[in-house]
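Got a structure for you, questions after.
Chain IDs A, B, C, D and E follow the sequence of writing; residue 1 opens each chain.
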Amino acid sequence: MFVKPEYFFLLVGITLFSIGAIGFLIRRNLIICFMCIELMLNGVNLVFITFSHFLKSAIGMMYVLFVMAIAAAEVAIGLAIILMVFRLTGSVDMDRLNTMKG
Amino acid sequence: MGNFDLVSILPDVILIGFAFALLLAGGFVPSERQVNLNMLAGLGFLMAIVANFIVMGSERISFFNMFMFDNLAGVFRFIFYGVGFLVALLSEPYICGRIRHKGEYYALVTLSSVGMSFMATSYDLIMLVLGLETMSLSVYVLTGLFKTDERSVEASMKYFLLGAFSTAIMLLGIAFIYGALGTTSYGQIVEAYQKMGGEKTGILLAGVGLVLAGVLFKIAAVPFHMWTPDVYEGAPSSVTAFMISGVKAASFVMLIRVFALALKIVVFDLTTVVMLIAAVTMTLGNVTALLQRNVKRMLAYSSIAHAGYILVGFVALNKTGLAAIIFYLVAYALMNIGAFAVLVLFEDRGNYLDQLSGSGFKYPFLGLMMTIFMFSMVGLPPTGGFMGKFYIFKGALEAGYVWLVVLAVLNSAVSAYFYLRVLVYMFFEEFSGAVAPSAQASSVNLTLLITSIGILYLGIFPQSLFALTERCMTYLP
Amino acid sequence: MLSAYVPVLIFAVIAVLFAAVTLLLSHLIGQRKPSEDKLMPYECGNVPIGTARERFPIRFYIFAMLFIVFDVEVAFMFPWAVLFQKLGLLGFVEMVIFVTILLLGLLYVWGKGALEWE
Amino acid sequence: MDIGALVFITVKILVVFGLLMLTVAYLTLLERKVLGHIQIRLGPMYAGWHGILQPIADGIKLFFKEDIITAQADKLFYFLSPALSIVPVLLMFAVIPFGDQTTLFGLLKEPVSLRITGIGIDILFIFALSGLSTYGVVFGGWSQNNKYALLGGVREAAQLISYEVAFTLSVFGVILLSGTLDLYKIVEMQKDVWFIVYQPVGFLIYLTAAVAELKRVPFDLPEAESELVAGFHADYSSMKFAMFFMAEYASIVACSCIGTVLFLGGWNGPGILPPFVWYLLKVFALIFVIIWLRGTYPRLRYDQLMKFGWKFLIPLSFVNIFVTGMIMLLVR
Amino acid sequence: MDGFGILSLVTFFPLVGVPLLFLIRRENVELQKQVTLAVMFLDFLFSLYLIMGFDPGEAGFQFVEKRPWIESIGATYFLGIDGISLWLYLLTTFTCPICILSAWRYIDRHVKEFLICMLVLEVGMLGTFCALDLLLFYVFWELMLIPMYFIIGVWGGPRRVYAAIKFVLYTLFGSVLMLAAIIFYYLYVARVTGEYTFDLLKWYQVLPPFGVQIWLFAAFALSFAIKVPMFPFHTWLPDAHVEAPTPGSVILAGILLKMGTYGFIRFAMGLFPHATHASLPLLVVLSIIGVVYGALVSIVQPDVKKLVAFSSVSHLGAVMLGLFALNMQGVEGGIYQMLNHGLSTGALFILVGMLYERRHTRLIKDFGGVAKVMPIFAAFFMITVLSSVGLPGLNGFIGEFLIFLGAFKANPVWTVTAATCVILAAVYLLWMFKRVMFGPIVHDENRNLPDLNAREIGLLVPITIMYLVMGVFPNYFLGKMHASVEAFLDNYHKRVVMNVDRPTQPLALFIGGK
């Protein structure tokens, strides 16, 4: 092993985040975009935990709880908004959101 | 350090109490009897303002290094509560008849003000994010208030997705900073950084860069501005007023807190970047605003431009520059709320320029008010907008950014074109009679009076606020 | 520290294998005589009309939201409960405040009538 | 970890697994017998003595049944959901302790722990897994392209998550008292007094919520045979159907085990019987109660069910937690 | 007067009219006009006190009021007038009531708003002439924009919107750069003297290096040059003057343009002598081009009002030439000519307005023989044209003579070129007068034009008297400004020979030295 195994956790965390970010940018389905954001947040969580383990400090783990709470609140509101979009336009395609221009 | 300084968060506690009262009133009082909810919300904000007066003063850090109460926080709280108060005042005739959930509306306004206040008082990055989310989540919902209006829903969706995305980016940045320094508390960040010998590790820079990106997104600086016009146009006008003044101020308190105070050492590396961003932001905002025919959308683009001006104050990164940001934000909040208070009266799906035709003489009071607000936006004396610009430019010139100031003043001259076009339609065109303002409401008139007097007062007697803002910046030479 | 999880991992592998093998075997062993009627979804003897992937009441969604809120709250409560004896009165009061805020939310939902089915 | 230890653990897991499967199989028989006797009839009698081979016959039958995949079903999720519902339940047994260390009456040289592993946060792990099983229900209901299944699945999911909250909250009294999430330690602490003494309300909530989680009468509305044609697995057949069934019965066992560990003192008991026997007795007592309920109570209406969960059980759980906390603070 | 001085009183007195106007019912238009007129006339009377109290021997500022305004940045409320601004100040108070009179019939809608605009405008103009604190000056300077914008935009001609926006944008572009320069110089002064102040007198005592001067001068000069307007920046003027209603044109031509020239003397040249000196050739060339160009364009104008507007470009060019001569006669002549131009061009606009009110056209070809039907009008018109042309005995002659004298002293070539101004002025003005007033009446509409009524005569008489007074007793006026102009010139010539370093990198001072 050339690197500490903990680095892999970091790598996984960042990879998760990147997958989420890329997915968010290239997918057009609202639900998928939304889930990509959740994926990003979970990547962040993993990074927090890994650093927490590196640094032997519990703060990072505490932050994970906060991030989870944030993520949960975002889920609740995000899904409600997507639902609203769907009820109004009958679609969850991002390209349909083009009422406003200029 | 672990003291539970409940007195310091008294204003927020009061507001949270009122938020719940409003929420429960929204839940239990039948909707036809919910008439005075805006009074209740306004009372909450007034009480919070009074409480803030009482608790403001000495500087303390409490709640396990999570909160910091200083003049900066105090002044920004005044801004947030004041904005909340004015928005509560102007909302009633606007949302009345448009939505049923009035209690929820005011509760969300109140709660997001609490979030803003937490952002201002935060002494830890994670606390900052919590405040930010408290604010943002409420505003996402407020944006989509008109459930049957496609534009409102669309704005909400866009705002939510991009807002959540930027929050995630910011959180990753915070995680990196935490990993690099082992702490996220502002005071300890500086200490830890110095203990490390001031080494700028890659992970620290990446963290700072990501947090900056997140903050710039909230500020709507180029290139993170794309959401602004759609969101501001689509959101209900009263909510746009709230966003354009309150949320913007909160975004800047984030900038001041994090970058000017906590990451001060690191930020010098980023000055060039921010300087360029400021230059591009104000220019692009103004140029695109020139093309708009929808007043709300125009104000959205102009808010981008104003963000650029304010960033100039941040680039200066001296006492004057940062104090000027606060002053500017106050003036900016007043004039935007005022302008939107006029707009909500004319709101009839669109807010297009020609709908205002001739209304200036038909409704002289509204015309006069709009004149004051528009000239303040241009930055002409004797208005608060002028003094704000003056103050910002002073800070930037002190720091030696001559070209930035020249660009900024030229930009503000350009901006005169589209701001004055509103007045062209209001005064120079014949009254079309197409749109009459919705029922004149005394609360809106009160909002207009408060904002216009405030703007003129700031323009003619800026001394008191100048002094106050400078007292906020005791950390800087 | 992580070695405690190795048995869990082994167990997981065994469980997944069990599920997979059983499903696969029954799929292979079982006789297959598909016919159109047999492959029709069962709707109490009527011919199914339209797709089944229809929208269902929004009410379910409200419960899902409530669940998320409370579930995350519970996540916060775990560390609190474990350390309860150390935290003492202050921790208790804080948790009471925290839960009260959430219960006020529940009360609000209650008042809105969202907990009533039909 | 060396190979020997790994092999040992694998053997242990297989033993637990096998015993569990056996228990699950005979639980079906037990239920039919108990219900039969409650309704004053005999239950299965043909396969073997008093139907003792009935579960095996059932298993073989199900194995050879045609595996119908209805038209327009989503194949991936159709296959995935049975597995998704059973795997988490099985995994719970990885952390549930079945007894103290034992030498199996002197058969083994060194004492062996009667649990597969302890991870320190057992309770958290269990609740995490119990949350996962909702996926099986939702995916299963959705994948079949059947309106009844979809509605059943959604309803069931709503019920599961509703009672999940109360289910989790009911345990907090125990956590407050013990200050740990380690099931083994929790049992140790009950040497003298079982937690049911301190937590009678908590136990009742636990039992109620568990029954609801298990979708058993009186909370079995989502899969009520007479109304929703078995709910979310309407179109499932053959071993896939059996898998859902096994998951349900394994859950019963798991819930009983956890209840025993948390509230009934685990393997603690007067020394007249070996600890493991005590443990089994308590578990089967709980299982019996759960079956008994089915024989006694009528089914709730769905609205009553949700109302009961949100308006009664959850507030009550909070009250229970805070009363417990307050008393603990006062006593100290 | 320790509390509030006479200057504060005069400057802000017009604001008294605003609440009064609010009290009057919208329909009662006559009363509104009367109240406004009364307020403005009272203000004029108050301002006469300034003449009486003014000490001609004193070169410095008089009636000085100074009190703190924004302490934290050192801005003060600092008013005062000297010989240079005294007459411009009085010109303002004199012109404003006349404007109201001229608007009596012309403005027929939104009268109340118009009157409020005029009152605010007067405050802005008066403040600009007497503010000695740069920030205060800037505030007043920009304050004028707002009412002027409305006056052009609301009550103006058909292309009023375009003209109003053009006017504001042009002016604003110049003035925002001036704002940047003001802040820059303010910080420079603070760096040199250690005192944060906007006090003009203190600013005079600082002499920045050339590299700094030239940039600041450029910013100030651009702003003032747009206002004057000097040659390449004049394009807003024809639009604004033509589209503005009569009172607007009168104010624009009579007073607003003077602010540019006043700003040059007071600020641009006063503060930055070296930069002025260095850029004199360019400025003079631009002035001369302005003189000739303005005159030539005037000749071919078919529209009387446009003709008068372009003549302003020419006249102001001459004024600038006098100022740039930088000797006693030149500067005094320039200032004197400012007053003359204010009176005569203002009067010309009023007269054109009267024609327009009667005929609703301003094209020269639509008139002819008007003198026959409107003899009194013709008489006033004649005197005004002659005053503008510079007939000896009337005021215009004194100013132009002094300018040429000064310019000749400085450089004879300038004078020769600029003297064409007089000749061409005679050409376009008299030719226009001939075509409008004399000859046969070709258009039937012109046969029944009513002659001037009492109000119109009443407003023209004071102006005419002033032509004569200023033409016959120039020394009274020049005497009051003499000491101040001398001090200005002394100061300028003394400072311009001082050595200042010329850093190669002009703004290095600030950019380098954080």
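Heads up, the rule we're going with is that a contact is a pair of C-beta atoms (placed from the backbone, for glycine too) under 8 Å apart; a residue touches a chain by one contact, two chains touch by 3 or more.
Note that the structure is a prediction, hence the values are computed from the model and not measured.
Student: Spelling it out: a chain qualifies if it touches subunit B and also touches subunit C; which chains qualify?
Tutor: Correct list: A.
Student: How many hops, at fewest, get you from subunit A to subunit B via touching chains?
Tutor: 1
Student: Mean of the CA atoms for each chain, then the mean for all of them together: which chain is nearest?
Tutor: B
Student: Let me check something: if the centre of a chain is the mean of its CA atoms, which chain is farthest from subunit D?
Tutor: In terms of C-alpha centroids, the chain at the greatest distance from subunit D is E.
Student: Report the inter-chain centroid distance for subunit B and subunit E in whole angstrom, where each centroid is the mean of the CA atoms.
Tutor: Here the centre of subunit E sits 42 Å away from the centre of subunit B.
Student: Find the geometric centre of each of subunit C and subunit E from their Cα atoms only, then give the gap between the two centres in Å, rounded to an integer.
Tutor: 80
Student: Indicate the whole-number Å distance between the mean C-alpha point of subunit C and the mean C-alpha point of subunit D.
Tutor: Distance between chain centres, rounded to whole Å: 15 Å.
Student: Using mean C-alpha positions as chain centres, tell me how far subunit A is from subunit E in Å, no decimals.
Tutor: Between these chains, centre-to-centre, one finds 65 Å.
Student: Scan subunit C for residues touching two or more other chains and write them down.
Tutor: 64, 71, 110
Student: Which of the chains touch, listed as pairs?
Tutor: Contacting pairs: A-B, A-C, B-C, B-E, C-D.
Student: List the residues on subunit B that touch subunit E in their complex, please.
Tutor: Of all residues in subunit B, those touching subunit E are 361, 364, 371, 375, 378-382, 386, 390, 393-394, 397-400, 402, 405-406, 409-410, 412-413, 416-417, 420-421, 423-424, 427-428, 461-463, 466-467, 470.
Student: In the complex, go through subunit C and note every residue touching subunit A.
Tutor: For this pair, the touching residues of subunit C are 58, 61, 64-65, 68-69, 71-72, 75-76, 79.
Student: Residue numbers of subunit C touching subunit B in their complex, please.
Tutor: 90, 101, 104-105, 107-112
Student: For subunit C, which residues are in contact with subunit D within the complex?
Tutor: 3-8, 10-12, 14-16, 18-20, 22-23, 25-27, 29-34, 36, 38-44, 48, 51-54, 56, 60, 63-64, 66-67, 70-71, 74, 77-78, 81-85, 88-89, 92, 95-96, 99, 103, 106, 110, 115-118
Student: Sort out for me which residues of subunit D touch subunit C in the complex.
Tutor: Interface residues on subunit D, with respect to subunit C: 1, 6, 9-10, 12-14, 17, 62-72, 79, 82-83, 86-87, 90-91, 93-95, 116-120, 123-125, 131, 142, 144-151, 154-155, 157-158, 161-162, 164-165, 168-169, 172, 175-176, 179-181, 229, 234-235, 238-240, 242-243, 302-303, 306-307, 310-311, 314-315, 318, 321-322, 325-326, 328-329, 332.
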